[in-house]
Structure formats: structure tokens, C-alpha cells
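Both complexes below contain chain A, partnered by chain B and then by chain C.
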Partner chain A sequence: MSLSSALSIAQSALLATSRRTSVVTQNVTNADNADYARRSAVLISDQSGVRVSEIYRAANDSLLRQYLNANSAWEGQQTMLAGLNSLSLAVNGQSNATSPAAAIGDMQEALQLYAAAPSSSSLADGVVNAARVLVQTLNNGTNQIQAYRSELDLEISRSVVDLNSLLADFHAANKAVVKATAIGGDATDALDKRDAILKEISQYIPVSTQTRDNNDMVITTADGVTLYETSPRNVSFEPTSFYAAGVEGNSVYIDGVPVKTGTGKLAAMVELRDEVAVTMQTQLDEIARGLVTAFAESDPAGIGPDVAGLFTWSGAPAIPGALEGGLANSIKINAAYDPDAGGNPVLLRDGNTYDANPDDNAAFTDLLVSFGNNLDASMTFDPSTGVNTSSNLGSFATNTISWIEALRQTTSNSEGNSSALLARVTETLSSATGVNVDDQMALLLELEQAYEASARLISTIDEMMSILLEMAG
Partner chain B sequence: MSLYGMMRTGVSGMQGQSNRLGTVADNIANSSTTGYKRSSVEFSSLIVPQAGSGSYSSGGVATTVRTSISQQGNIQYTTSATDLAISGEGFFTVQDASGQTFLTRAGSFVLDDQGRLVNAAGFYLQGYSFANGTPSAAANSFAGLEAVKIANLPMTATPSTEGSYSANLPAAADIVAAGSLPSDNVAGSTYTNKTSLVVYDNLGGEVLLDIYFTKTAANTWEVAVYNQADGTAGTGFPYSSPALATQSLTFDPANGQLAGGGTISLAVPGGATFQLDMSEMTQLATDFTPGSDPKVNGNAASSVAGYEIAADGTLYAQYDNGTLAALYRIPLATVTSPDQLNVLSGNVFSQSALSGDVTLGFPQEGAFGKITSGALEASNVDIGEELTAMIESQRNYTANSKVFQTGSELLDVLVNLKR
Partner chain C sequence: MKVSYVSSNAINQALRYSLMRMQSQIISGKTEMTTGKVADTGLALGARTGKAVSLHRDIDRLKGIIDTNALVSSRLSATQDSLSDLRTAGEAFLSALTVAASGSAEKSTSREAGKVMLETMTGIVNSSFNGEYIFAGVNTDVKPLNEYTDSPPSASKAAFDAAFMAEFGFSQTDPAAQGLSAAQLKTFLEGTAATAFTGAQWQANWSNATDQGITSRITLSETTETSVSANEQGIQKLAMAAAVVADLFNSNLNEDALRQVAEFATSLVGEALGDIATTQGRIGFVEQRVTQASERLSLQVDLFSETLLGMEGVDPYEAATRVEELMGQIETAYTLTARLNQLSLLRFL
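Up next is the complex of A and B:
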């Protein structure tokens, strides 16, 4: 048994070493692949030498789980921050230059100038022009908010399509893993692919995973809704093509359960669409209501009802008593005051519906002063605006800017934190499961030596054999 | 007489050594033959009864051929699952084309055109089929054995009959009032949590079960199970057919563990009766958290992906969804004295008068060894040993020829005494 078995043992060592070298080669070529988990060959020795019993894949489930959570959190906050930035820019402009608050300030200034010289019709023009700018600001803001909501809706719809196709890919990868595990084959490539898809899914929605027999994976969302179990669950969403104030977007359903707000890109987009943008719209509507109310005309005789004055709206001549959805869109300059529409801006001084200055006194300022006072007086705003409900119109408009800036600040902070966390977790995951080229190169040197030693054994045994043969010859 | 006797002794010595050289030649020729067992020659002396103490008549040497059948060869690993090696005692039972049964250790089996496993020497592997239930070995006869045949296996599907699901239900959830419970199956029914499970019907089709958990009173939850295919798109409710099952779960307020209603029985549409075990459910003051492994048995229609032969000799068909189906069990045979078996061409052995009767059994049972799939038993010949034996035999043969030569020369001298 001796020489022949020595030869076959040395041969098995050669085979095992070359197999291990191919594993090292695979590791080194995938060193830059973030979705690749390091492999190593497990050796066992038996009576006929040594052999590679399995290829071990350096996976770390708990780190992967942390990565998935950190990834969803960061993606969600990043989406939120980008959304807040574009909403703030769309409504308030660069450095809040075109915000309703700035336009209200200009308006107040023009009104004061006119009140100081009520005989000047050009100053009256100035007030109407300032009012026009203000109305445009509100109209534009509404359009921008609603356009952004439709854009988000489209983006949600694209994400849902993407999520469904990721789940279909996951199904294929999971089936490959289960099959390879069940028949004792090499599942490492399929596992890499499955983990990579899982990472992509976690961008959209926070997931938690469970592993069953044969490495079969079950994915649920963080709320416990099934996303994948044996087969992918349907993620459905009915897009809304047109958005106006008060139009509610549809929910995203996973396995028939609506997605709640939470972490992840999908939840952030739903929150932007249904909460942040809606609140901003409410704020604009309340500013518009404040304007209509402040410039309303009242009957000096105290008989007729208050009617809409300089600022009018779709429900005019009535004055909206409470939050009116879409008011910021329907608010416009009363044509009677608008010189461009053939109106007379001086009516601002004298009154339109009710003539407050029947003598047409050129120095009459009572009405103008009352408008200025109205603007400075405290009003009550709807609590759904999210800001101080009792303040004057100018402060309210400024508060809305503070509101979005504060929100942006908080989101920016948490985005910074989650980005740092993600970077740390990615690094830890990579050092736990990734490839260290130095280690692999050192291993390669060892393998080279082992191979050389085995080859030397074979040539020595060969020499011994030839000695025997020479003796026989 | 003694000179002739001496010459004949030399001849018998030469014959003995040439027998030994014959086995050496065979051993070297078969040093790479799978399952080959080396032969060797044992010598025994032949003594002629002596007439008196003063003279000696030489006898000779008798040879007996021994085959080291019971000596294990090295196990060498291959990449074919149908290559089989026995570690330990036992032989495969194989049949030749004419139906005669032999024993062998050469397990390099491949599939033939009919799906039978045939080894390199053309012998067919025999096994017991699972077609009529779990087989048992007939201890002392080859009855019941048939050629192992693994071809044209049909696709199979198994309906689900049992499964388990566990989760923690949030103890602090709001109570849902009667009237809009999932069991009422009205549009906009309210539930606390929902999950879904895939089960298989009789044809292996996937049926998605929507499972609703609804808190109806303190420590009491309603479970309603619907077939998702009947649901309204998007939200589910109302379903076009009534709930497959509704059940009330009660929890022990002392520890949050399930107190009653742990098993739900329902008829899967187009499938079997399915028992869902929910005994591990809890109701603790935290969020809805699915448990670690929802399990459902049964499988979708799947085709055979490969074969696996376990160490106990069971040959399984592997379906591509990972399930295994036992097809054959490969028995091992042995005799009392394996080294005395008749050695025949093709690395097979047959029972001889000296070997004792054949006994059958299954691998890893009793004295039988285990079957390793994807491995072969190499020849137990060692070249070094054979070469030394060859040199030794060569020298002995030369020495014997010298004896003969000397006898011949002495006879020459004797004949030349008379001129």
C-alpha cells in the first residue's frame, strides 16, 4: 500500500491546492465587488489524503440586517431632504426672495406709501401691482406644489414597478439558492445575487428577513407585512394623473396592506406627497384667506354683508370664514381695481361695493388705514397649517418659512447621522465579508509553497519507484 | 532416484515461482482497476516419506493462490454521483446480461440507454424498489432484487396538509368593533394586522391565503383566512367567497401566551385539508412581529433535477424544489469468508463452496459498511510491493533452475562413468 498510496495522497494535495488557488483567484478578482462575500475552501483529511469538502462563504447575517436598516433609513431621509429642498425652492424661491412673506412685505410698504399720499393715482397703481405680484406668488406656489405632487406620484409609480421587478428577480435568486442548497450544490453565487437584490429592495422599503429550511428566505416589511414568502407578493399602486389642492393621492399597497409612513424611499415619497406638500398648500390657502379677509369691504352703514375687495376668489363676493382648499389657486385681483383690466385702482381709497368716500375727498385715508390695520391685526389660522395659529398675516407668512426651514434642518441633521451610520455599517460589513487583497496574496504565497512541496513529494516517490524498477531490470 | 527427484523438485520450484510471477503480472496490470483485489501465492511444502534415515528424497512445493478480497482499497473521490464506493464490509449485488447474480466492489456505475446503472465491466446494479412500500432485505437470497432504473420519472406535486405560523400580536392594539371585522367580509373591513402564506393545491398550484388578525376584545383576537384570488384588487375586501376559516385566539393575560384556538383547519380551494398550527403565537406589548419560520409542507409541480445516493444505500430522486423521493435501496451482500470467493472476469466474485452462503443486508446495518456516493474504491495493489515480489521471484526462479541444472550436470557425470 505504501508507495502507491503515498503517490495518491500527494496527488490529492495537489488537487486541493489548485482548488484553493482558484478560490483565492476568485476572491481577488472580486475584491472591488461590494456584493461579493469572501469565499474560503474548507479542507478535510481522509484516508486517501485531503480534499476540499465545501466552499465557505463569509456571510454575516446580523451585519447585513444592520446594513439593510441603515440603507432604508438613509434612502428615506435623503429623499425627504431633496423633496423639502425642491419644495422650499419652488414656493419661496432662492433665499426666500419670492416667498409670500416677502410679497406681503412689499404690499404693506406700497399701502403705507399710498396711505401717506392718497391723492396719487400712481401710488394706487403701485399697491395694485404689489397685490398682483402677491397673487402670482400664491398661484405659482400652488401650481408648483401640485406639480411636485404629480411628479412624486409618478416617481412612486416608477418605484412600485421597480420594486415588483426586484421581487421577481429575488424570486429567481431565492429559487436558485434553495435548489442548490437542497441538492448540496454550490449556492454561493446565488446567495451573493440574492443579498445584492435584498440591498436594492431595502432602498425602497425597510425589510426584515427570516430564513427557513434549505436557505429559503422570507421577507417582511418592518411592519410585518409579507413581501416575499415562497412567491413575491404584489405591490400595487394606482397613479393619480392630475393633482389639485384637496386631491388625495392613492396609497401604495403591499399584499393588500397600505404602506405606512416609516423609513425607506417609498414611505418618504408618500409622506412628502400626502403630508408636507399638503401642509404647505394649506399654509398658502390660509395666507390667501388672510388677504381676502384683510381687504374685505364692509358696509359703512352696517347693513350689507362684508364682501371681497381687492382680492377676490372663486366664491366671491362672500368672505371665506375658515380654511378653503385651493384658495391660493383661485385668488385673483378684483378686475374693478385692475387698470390692466380696465379697472380703477383708486377704488382702493374710496371703496368699490360700498362707497366709503362719497365726496371723493382726495385726502381720504380711513379705508387705506383700516386695510393696513387689518394686515397687522391678529388672525386665527387653521391648526392643520402646523404653525402658530394666532398671529398677524405677515408673521404667519414668515412662520411658514420657519416651519419648512426647521423641518429641513431636522431632516438634514438626521440625514447626516444616518449617512454616517450607513458609511460605518458598510465599512464593517465590507471588512467582515469582503476581500482583503493582502490576506489573499499572503495565502497565495502559502499555497504556492504547499504546491511545490507536494510536487516535490511526487517526484521523490517517482525516484523511489525508478530505483525499484532498475533493480527489477 | 534422488538425482531425478532433485531435478523434479527444481521444476516444481520453478513452476511455483512462475505462478507467483503470474499473479504479480496480473496485479501490476490491474493496479489501476477499480475494485480489483490483489492476488498472491502461498507456498506449502511437499515432503516425500523417507525410506530410511540415511537417505533423502526431495519433495517439492505446492502453490495456493490467495486473493485479498477483504482488504479495503483506497477511496478516491470523483465528480459523478453514480460512482459508488463501499467503506467497510460488503459487496454490491450485480447481474450480467444473462441474469446471473454476482458480487462486486467496482462501483463505477453509469446510466445505460434504459436508465439502468451499469458498471465498467457491464454488470447491472441490483436494488430493492420503493414502488411497493419500504423494502426489506431477504437475508439469504437474491429474491426481490431488480435492476436499479432511474429514467423517465414523472413530475410530481404534493398538496399542502400542514403548516405553522407564529407572530407576536400587539397587545396595545385598538379593539375593532363588530360589524366591520374581516369575518363580516364587507368593503372596508378593519383589521389589526395581516399576513399571507402560500399553500399548494392538489395540482401543485400556488394558493395565496390572506390571514387577518383582528383584536375583538382584550386578549381575544379573531383570525380570518381568505383566498387572495377572490379578493377585490388592492384592498382585498370584500372577497367574492366567504372566509375559508375563522377562529378566535385567546391569550393568557398573565404571560401573553396563547391560551386557546391554536390550530386552524381549512379546506384549500382545489386542495387538501390544511392544518395551520398557530400555537406559538404571543400577545406581548410590542409591535406586530412575524416569527422566525413560517412553514408549509407540499410542493409545486417540479421535475427531477438529479439523484442522490445516501450512505445507507437509499437512492433518492431530487426534485428541483429540493424535495427528495426514495426510489431504491441498494443492499450489500457478504459471505462468511470473502477471501474464498471465486474470482471472475470483470472484478466480480461468486459464491464458492468454501466461502459460505451469501447474506444480504443494508449498508450501515450490522457489519455492513457504508456507501459513499461520488467516490470509487481503487485497486488494493501496491506497485512497490509487487515489484519487490517480482525481483524476489526472479531470483528464486533462477536458484531453482540452478538446482535443475546441477541435477542435469550430475546425471551427465553419471552417464559418462561408462564409456
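Up next is the complex of A and C:
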């Protein structure tokens, strides 16, 4: 052992310390970066001193996988809940105050009032006005539902664009990782970036990952469709610009395979667009059909067919016998009854196509009472409405409210759970892989001491060297 | 020694999630405090939301029916009053007839009693309530009973004259009428004359009312007829008695025949009073039915309101306490966050 070898060992210690200090600095600056995994330097000591052999990255794959699942689940449920909230508000109004069910109630009240004083044409106006509000509720509900479906379609198409660009970014990050790993370089920054992109992808679609040689990652969806393997797969979607009742939206395809229901934003949006909104439309259509049927006129002589009365539609004068797509949009007040259109609301009492009151008796209530009875009579509704198929119109309308609110309640509960889970997993992941500034500062103090010691060593050796040289000189 | 690691980020984020939860709970808590109802019915009731909406609707509908029932009740009691008036007038007429039947009254007095009866009856039967003629059946915008006048002769008068002419071949003011016997007159009154006051002739000459009464819904599922028509037998009989007396006591009939007329009218008015009493009884039943229906509906409204309160209601005190508690917790969370931020090694280096 010579003095010069001691000097070189002290030098290597200085070098290692400064390398470690740079790692600490990097850690501290990224302390609040959620996508950053803590680094630490691994030291090796040998004959020639000490050196940093590699930079260790505190990744935790199983926690990351949990995070990805929790993130997909929460994003999906959150999207679903927001969608249900908007749909419920759009169709039923705040506290269900402007729902078709409430409008039917108002209509029944107006009808009862008119039946109690059938000679009053202003009360007949009242019934027609209530009917108009009801028709507006249905028309408006249909418009809102279909507009919402268009919005979702647009949102899906944006998400697909996003997803494709994320996959492209992922490709770049993955290439960098593979390259760095293959040549034994520092892949930590690329790994951070890749994980961050993976987290973003997981909000759209549930993913599972597999790591191959050289840290090469393969992403598949929960359905087992490959999303990334060596190269990104194409996510395609054909947007539909116009939505009406009965118009079906297109599926999202990954690598040519349609995305099925599952967690994640994309699946939630597709479900809202194709299931929830469509069912709600069907429910409105059936309410409209119930109204046309309840207010249909029948021939007192029993010869002519039943014809549409106060409520009419595109296919009038026939009465729709079964679910008619878009009926809630085409239903309107028969102009013959509508004072705004020059009609006579008193026809409600006397009949329009068939004159039920040929003597024009002012207190004739048979027809009015029969309309009231029809509204309370049991009808058969289409099973695709998702609610009781056999009930009176009023109950049917309130059942549709129950339907959406039950869905909203369940979704809200599971959203609460999954958001709690996500918060917990995020915390755990952050604790496992994140930076503790205090810890790093303590380490820094240690490094400071080590540096000082090494420096002192060098100066001591230097002194020793000079003494030696003086003696020699 | 190995200790479990916690990142600075995790420490900072730890309170954020629970803080957000508590803040959103405070918002709904405040709403519940002020309204006394759950903040979001849908989230609180789920599948039972429809039930709550339907209860709201039913309460409004029931209240509506209670209101219209009040209208029906007023009409029924107006009808009841009119029928009582009719009976009072009928009884007065009856006493006048009794005198006439004994033969001790002036012809003109009896005739006047008949005319007064006719006018009173027409007035009562044509009374209206709330703009509707109450005895009109369903034809409520037309006066139910036509007036009976001598000059110009009303259709009812003409019909009676024609009936007399058809029976005897001369008019009641013809001198030949003097020779008609009591028996002949009795046959006429019970036969040809009676048809002028019933059925199609009544409908054609006297009445504009329909036989069909007003049908009203008195509960959610119950409808009933709630009016009396001018075509009631009692009214027809009263009209006949009064018209016969007013007309024949102004003719050339002999004393015997007139006494027969008075006797006939007496028994007719007696029958009419009985019929009217029956009608009153029927109306009384309907009145009672409507009142009971309203009472039942009120009970239902109370019950429904209570159920609704049970579903949607929140104890405002409980909500207030909850908000207080949450505010305390949030304050603690704030203090903790501030303290944690102070807690850093950096401050000591």
C-alpha cells in the first residue's frame, strides 16, 4: 500500500459521494412528483476504493398493478355517475320536479278539476295546458337524451384520439427502456415515464401488463386484447354525428376487436350511450304511447276504429299498439284541441272525431271521466324499458324514476368505495416508491460528513506527501 | 432497524381525500338542515324514489279531489235547499187545494194558488249555482224548466189545450164545458192530460233538462251521480197539479167538476211531496257519501304525508349536530396540515 493508492481511494470516495449527492438532489426535487420512483445509489467497495455500481429504482410492480386497476374502476364509475346525474337531471329535473311523472300528476289534477265543472272552458284550457307541459317534458327529455348521446360519442372519439397518442408515447418510452436495459445503461427516467403513461392509459381502459426480456412491456386489456406489443395497436372508432331514437352508435375497436363492457372511462361512456340513455328513451317513448292510448277516442257506435285524440303523433290517427321508437319526440297536442293553434279545448269534453255529446250538454262528463279511468287503468309496456311491464301510466312513469335513481344510488355507492380504494392505493404506492424529504436530508447530512472526511483524508495525505517531498528535497 | 417508509407526498396527500369527503358532506348536511329533507332524494332512496314521487303526486291529486268534492257538496246542499223550498211551496199549495176541494173557496183564489205554485216552482227549479243550473241534468247551460204562460200561450199550455180539445171536442172555455161531469174529467186528467206532463211531451214542452245527471269523481277510484234532474217525477206531478188548477179554475167547468179537479190535484201534490222527499233522501245519501269520501281522502293525505316524511325527512337537529361535528373535524384537519408542514428537518438544518 502506498500513499498514492490511499489518495486514489479517498478520491473514489469523493466521487461516490458526489454521485450519491446528485441522486439525493434528484430525489428531493421530485419529492412531489407522484410519477417519480425514489432512486438510491448502490455502493460497491473493492481494492481501489468505493464506487456506485448502479442506481436502484424503488418500483413496486404489484402496487402499481393495484393502482392501475383501482384507477380504471374509479374513472369508470365516476364517468358513469356523472352521466347518470346529467341524464336524471335532464329528463326529470331537480328533485324530479319536472319529470314526466310529475307532469302526468298535474294533468290528472287538471282533468279532475275540469270534470268537476265541465261547463268552464277555461278549465278545459287548463287541461290542454297541462297536456302541453307534458308533451314538452317528453319532447325535451328526448332531445336531451339524444344530445347527451352525441356528446358522449364526441367524448369517446376524443378519448380514442388520446388513447392512440398515449400508446405512441408509450411506444417511445418503452423503446428507451429496452434500449437502456439492453446496454446496461440507466433506464430509470424512461421507466418513470413509461409508468406515468401506463397510469394515464388505465383511466380509459383496464389494462394488465407483462414484462419480457430487457424490460420490454406488453399491455393487454382486461378482455385479453393486445393493446401494445412491440408496437402500439390501433384503437379505432367511427363517430356518429347525429343521434335520434333508434340510432345505434359504433363500437370502439382495439386491433379490430370491439371493446366490451368493463371498467374504465371508455366502457362507461359506451354503456351510457348504448344502454342507459337508450333505455331511458324507450321509457319516454312508452310514456308517450300510454298517453296517446289513454286519450284515444273510440266510436260510441262501436263501428269506427279508435283514433288518436288530445295527444297525436306522426302516425296518427292510428294508435300505436307497441313500442314505437321516437314517439316521445313526435308526440304533440292535437291542433283541433289547442287554442293556440285555433283549436277548441272543449272537444276534450265532447269528442273530436266521434261526437260523444251530440246535444252539447254543458255538464257532460262521461268522456272526461273515461280519460281519468284510462290513465288509472293497467297497461302493458315493453319489457325493454327495464321496469314493471304491467302497471298504470302514472306508476310506470314513477317506476322509470326509481329505475334511474336505483342505478344512480348503486353507482354512487360503488364510486365512493372505489374512490376510497384509489386514495388508499395511491397513498400506499406513494409511500412505497415516493421520496421522504426528511430521509433524504438526513442522508445528505451523512454524505456531507463523508465528503468532509474524504477531503480531510486527501489534505492529510497531501501533508504527508509534502513532508516526504521536503525530506527528499 | 427497518421502519416502514412513508413519502412526503403521501403525508401531504393523506388528509386531502378525507377533507374533500367531509366538505362534500357539509354541503349536503347544510341543505338537510335548512330543508328538513334529505339533500338528494335519489341517492338516499334509490329504487324507492319513484314511490316518493308517486306519493307527492297522489297527495296533490287527493287534495285536488277534496277541493272538487267541496264544490260537489255545495251543489248538493243547494239542491237540497231548493228541494226543501219546493216542498214548502207544495205544502202551501196543498192547503189551498184542500179548501178548494171542500168547495168553499173562490174560483179565482184557487186559480191564483195554482199560478203562484207554477211560478214558484219554475223559479226554484231554474235556480243556478256557480253559473250552472242545478236541476238541468248535464245540460247545465240551459234553463231546465220552461215557463207556463196563458198569453201568449207557451208550448206547455198549448199542449194541455190540445189534449182537452182532443178529449172533449171543445175547449175548456167553451160554454159546452159546463156540461162535463166529474167522472169525465177524472178520466181526462188520468188519461190524456197525464201524458202531456210525462215522457216525450214533458221533454218537448216543459223541460230542457237531461235525465242523465252529472257524474263526479269523488275518490281516486269512485265516481257517482251528483245532481238531480228537473225530470224527476215529483217535479212533473207538481207541475201538472199546478197547471191543471191554474188552467181549469179559469174555465167554464161546473162546481162538481172543479171539485174533482181540486181532489185530483190534491192527491197529485201529495204524491209529489212524497217523491220529492225520496229524492231529498237520495241526495242526502250522496251528500254523506261525498263528505265521507273527503274525510277518507284527508286521512289518506295525512297518511301519505307521514309516509313521505318518513322516507324523505331528516331530523334537522341531527343534521345540525352532524354539520357541527364535521366542521370540528375539518378544523382539526386544517390544524394538522399546518402542523405537518412545519414538521420538516429542513427547518433545523
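Assorted remarks:
Everything that follows uses one rule, which is that the second predicted complex is superposed on the first by the 472 of 473 C-alpha atoms of A that agree within 3 Å, B and C clash if a C-alpha of one lies under 4 Å from a C-alpha of the other, contacts with A are read in each partner's own complex, and residues count from 1 in each chain.
Note that in this section a contact is a pair of C-beta atoms (placed from the backbone, for glycine too) under 8 Å apart; a residue touches a chain by one contact, two chains touch by 3 or more.
Quick caveat: nothing in here was measured; it's all calculated off a predicted structure.
When the two complexes are overlaid on their common chain A, residue A:157 makes contact with neither chain B nor chain C.
Contacts of A:119 after superposition on the shared chain: chain C is touched, whereas chain B is not.
When the shared chain is aligned, chain B comes close enough to touch A:229, but chain C does not.
By the document's definition of touching, neither partner reaches A:389: not chain B, not chain C. In the superposed model, more residues of chain A are touched by C than by the other of chain B and chain C. Judged by the touch definition given at the top, the superposed model places A:363 against chain C, while chain B stays out of reach. When the shared chain is aligned, no partner comes close enough to touch A:60: not chain B, not chain C. In the superposition on chain A, A:46 makes contact with chain B only, while chain C stays out of contact range. In the superposition on chain A, A:442 makes contact with chain C only, while chain B stays out of contact range. Of the residues of chain A, not a single one touches chain B in one of the two structures and chain C in the other. Residues 1-5, 8, 46-48, 51, 178-179, 181-184, 208, 210-214, 218, 220, 223-226, 229-231, 233, 236, 238, 253, 255-257, 464-465, 468-469, 471-472 of chain A are the ones touching chain B in the complex.
Taken in their complex, chain B has these residues touching chain A: 31, 74-77, 167, 193-198, 206, 208, 210, 228, 231, 233-236, 287-296, 305-306, 308, 318, 320-323, 378, 380-385, 387-388, 390-391, 394.
Of all the residues in chain A, the ones that touch chain C in their complex are 31-34, 38, 88, 95-96, 99, 101-102, 104-106, 108-109, 112-113, 115-120, 359, 361-366, 369, 372, 376, 394-395, 398-406, 408-410, 412, 419-420, 423, 426-427, 430-439, 441-442, 445.
Chain C contributes residues 4-10, 12-14, 17, 41-51, 53-54, 56-58, 60-61, 64-65, 67-68, 71-72, 130-132, 136-142, 210, 212, 214-217, 220-221, 223, 227, 344-346, 349 to its touches with chain A in the complex.
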